[in-house]
Amino acid sequence: MELGLVGLGKMGGNMRERIRRAGHTVVGFSHEADAADVHSLKDLVDTLAAPRVVWLMVPAGGATQSTVDELAELLSPGDVVVDGGNSRWTDDARHAEQLAAKGIGFVDCGVSGGVWGLENGYALMYGGDAEHVAKVQPVFDALKPAGDFGAVHAGKVGAGHFAKMVHNGIEYAMMQAFAEGWELLEAVDEVTDVRAVFRSWQEGTVIRSWLLDLAVRALEEDEHLAQLKGYAADSGEGRWTVEAAIDNAVPLPAITASLFARFSSRQDDSPQMKMVAALRNQFGGHAVESK
Amino acid sequence: MELGLVGLGKMGGNMRERIRRAGHTVVGFSHEADAADVHSLKDLVDTLAAPRVVWLMVPAGGATQSTVDELAELLSPGDVVVDGGNSRWTDDARHAEQLAAKGIGFVDCGVSGGVWGLENGYALMYGGDAEHVAKVQPVFDALKPAGDFGAVHAGKVGAGHFAKMVHNGIEYAMMQAFAEGWELLEAVDEVTDVRAVFRSWQEGTVIRSWLLDLAVRALEEDEHLAQLKGYAADSGEGRWTVEAAIDNAVPLPAITASLFARFSSRQDDSPQMKMVAALRNQFGGHAVESK
Amino acid sequence: MELGLVGLGKMGGNMRERIRRAGHTVVGFSHEADAADVHSLKDLVDTLAAPRVVWLMVPAGGATQSTVDELAELLSPGDVVVDGGNSRWTDDARHAEQLAAKGIGFVDCGVSGGVWGLENGYALMYGGDAEHVAKVQPVFDALKPAGDFGAVHAGKVGAGHFAKMVHNGIEYAMMQAFAEGWELLEAVDEVTDVRAVFRSWQEGTVIRSWLLDLAVRALEEDEHLAQLKGYAADSGEGRWTVEAAIDNAVPLPAITASLFARFSSRQDDSPQMKMVAALRNQFGGHAVESK
Amino acid sequence: MELGLVGLGKMGGNMRERIRRAGHTVVGFSHEADAADVHSLKDLVDTLAAPRVVWLMVPAGGATQSTVDELAELLSPGDVVVDGGNSRWTDDARHAEQLAAKGIGFVDCGVSGGVWGLENGYALMYGGDAEHVAKVQPVFDALKPAGDFGAVHAGKVGAGHFAKMVHNGIEYAMMQAFAEGWELLEAVDEVTDVRAVFRSWQEGTVIRSWLLDLAVRALEEDEHLAQLKGYAADSGEGRWTVEAAIDNAVPLPAITASLFARFSSRQDDSPQMKMVAALRNQFGGHAVESK
């Protein structure tokens, strides 16, 4: 089939390649002229035969919104837009409504896979009406991993990004779990080869997992991670997961702890711990560390 | 080689079988006469040729201590005792010292594998002097999984149980991560097939893992876990992990949150939330739920 | 001075009384005819001489919005609207803008004091332009406690509700602190009179506080809180505090833990702990509690 | 009455002064000769008339143990030892037993008051048999604050230190609560005078407390705490509180979060966040911050 692909960055570029390898035609557009197959969204739409499927792989928020706005003008009834970017799931219903007013379908799709996706396939979670999903199905089949799993029609519009968001929330806590365990192992004298312990866990244990394999890879390169700073960014999904939990009165202690650990990691000095130090000093005359 | 194995419960029984399948001789003793190959610890020791290796697979605490006490009297210099039970790692140095006074070696070994171990092998983490470990090596090789990993000499006496303890702490937080994510997915209307989402995650995602596979198994049997109560026991390692972290001033927010979630799950009513309700009522006249 | 007061519930009714005691004229309106001094918002506006001050004490969200909408039509340039309800601080800028378009001023005011406010005064935190605040000052002076503190011009529009929201977030964690301590004291045999311990803490300790006094009051009525269920509602400010923290990448572990403890307290059975139980059963054959 | 007081540091010295002001005789001993009234423990015991009361105010652990050891030899049946130091409550039963073997009574006493105690009195929580407590009562009366509260016979031996430990655990979470709220207020533009907000909270609010007063004092001295580092020590009681909670399967999420925040504050770089950064880099090619 033919696919229009908007956004050819680290993710989009590799996805174009994987879809082409599956025998499909991909017309890619990007504001970076080098990578693009066409010179404008209008060219992209004109190049594709109706009914068109246009897949967005652009930054969440303003860039996605303005692309949806343009496509709402350019596309025709019966066409389908897929938002495969990291949009917040609460944006999806709005985009679906905006496009539905023009007779254009909408599918939201969370994509996992990172730099490994080109070779191993991308895990896909998508939401929307069955008739819209059906039009995209060959592309989903091309992108997904080779096995029985890796792609799911998770539910209504928004369900794809919601499922991907929760995936990332779980990921935060799993990473934190390995990180806490690693720090504790490194802290005691008895355990003389922490890296070997991590390596050994890759078989037969309850915690064997791809993240563990990656931890081992990282430790093979730098046994004590001495070259790294304990500084972790966050890309939004963790925050949204906690906010969705709050909206639904669902307690998420481990995932939230993982998010907060990242926040703390980015502070050179902790304002709240200044206050704790100040209070200790006030009531107990405890020494404080001054700058 | 010959091995004396003390304790033939769910774990010990299967381990005897796996070691025998590897061609070794196992003399098993248990207070449950049916399973036992000999009738007493003394018989077990007499049956084995020196230098002997005796592997303990008995409950941590008193049962392990009294077995060590007896073996300290029965064994000879050059023999080795392996504690493969769930002993707290802080017990190991004491046992090692007690046995060393008689010239008997000691190796502590954390064993992971549960009901799957007989077929798939057991992950093993052990600590102790190289010369003592060497005497047990054929048994470690028989028990471990078939691949390159799954067994590690983690360090000094205590390192095996410490590594296993941390493994379990990590496991707590990983289970909690999946559990939190599952509850959140179940809480929203958009996601209409949570089980299918979990199933799909088994390929291509960052969170693919054996625990995820097990979650899928559980959901295949009971889609919404309707037959279960939200009640989770804990077997000690999670507590010890947090205590070890406190001793070393290592923050473990996600693992500790997972432990506390289990504590809460076992309370029919929460005393602390009674106090919160009482305080809300006192200052705000907020309604309380009475019994 | 003259004040228009919209909303005469538990809070509004007492506030009218306290302002009147200070010698001011209050014209109260409420949809509950019994309590009202006038029969409509229009009557209220007509009764007051310009420049008018109208204080809203109505539920946050829709009720506050529709009152602002009506007042935007009824009031005149130079008048001031005060939102003293529990509005989310993010609503304030919008209300201020809407009213400013008509030349009407806006002040947001967080009010603390609960059922004790009539006698002891209400703590007030307000935000807005100095000229608008000045017009409300006599009412602030009437409502606040008698001492040197209890009222603050916290900053720009929104600062009042923001400060009140953070006050409540702190309150959540302080209540949780006492609640956790109480549960732990009740859990051990050595401490035979937990109530007496709490009572004694009211002097000389680091933790003496009004909340402690209230805890003692609650325990005087019911030593072990046996009549209460461990069930705690939340009124929104705790959630908003965590959301504001997430927006600003500020870690709030204790406040968030307190919020989640309330969420958990309202669950008859915990879905996430069903999943933990299911996983334990899958890998270890651990017994689960079935319904 | 006559009291022997061992330990004349910051706390002990002030306590001697306060007890003397109440008209009692205090014979103080310390290894720092300047402050001491006698030159040895033996002198102290010889100076006092039987039945003696000897109050220990020495560092927990080894120093307290060796003083108890010496006193067990020097004192006579009918005498009473009070441990007023920061001993772990689990030490008390052992000390009581050791002394009881010689007919000597034992009372454990947690003391709160810090640098303010001399003038305001010390909050006291004590545990032990009624007959032993009775012998110390005049000293308790001298040390406690002037009001109706501030001293409690909390229960059996160990109850005093246990209650004081829980007091400190609650204190940790209350401090953390104020600290989190302060950081959040400082983080937003709308609130232009955070110090004024804190100051105002001292009356009429739900969170008014001595700790709030101290926070205000600290902010009066240094509005943004710019002179302090966000570094907070911990003196043991917080750790013991969490350990006691674990022993009793009591969830303490807020108190534990407060303890972990202190641990984190003392790390120049976070090992666990290195691992999180490493994992993000492995799967997503996310940039890491290198040293």
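Labels for the chains are A, B, C and D, by order of writing; each one numbers its residues from 1.
Heads up, the rule we're going with is that contacts are C-beta pairs under 8 Å (C-beta built on N, C-alpha and C of every residue); 3 or more make two chains touch, one makes a residue touch a chain.
Everything numeric in this text was worked out from a predicted model, so none of it was measured.
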- Task: State which chains count as neighbours of chain B and simultaneously of chain C.
- Result: A, D
- Among A-D, A-B or A-C, which chain pair copies the contacts of B-C, with over half of them the same by residue number? A-D
- Item | Interface residue identity across copies chain A, chain B - same or different by half | same
- Task: Determine the centre-to-centre distance between chain B and chain D, using the mean Cα coordinates as centres, and give it in whole Å.
- Result: 37
- Would you kindly tell me how far, in whole Å, the mean C-alpha position of chain D lies from that of chain C? 33
- Going by residue number, chain C touches two or more other chains at 114, 176, 178, 180, 183, 187, 206, 210-211, 250-253, 257, 260-261, 264, 272, 283
- In the complex, the residues of chain D that touch chain B are 206, 239, 242-243, 246, 249-253, 256-257, 259-261, 263-264, 266, 272, 283
- Message: Which residues of chain C touch chain D once you look at their complex with the stated criterion?
- Response: 89, 112-114, 117, 120-125, 127, 144-145, 147-159, 162-163, 166-174, 176-178, 180-181, 183-185, 187-193, 196-197, 199-212, 241, 244-245, 248, 250-255, 257-258, 260-261
- Item | Sites on chain B touched by chain C in the complex | 10, 114-116, 175-176, 178-180, 182-183, 186-187, 210-211, 214-215, 217-218, 222, 225-233, 253, 257, 261-262, 264-265, 267, 269-291
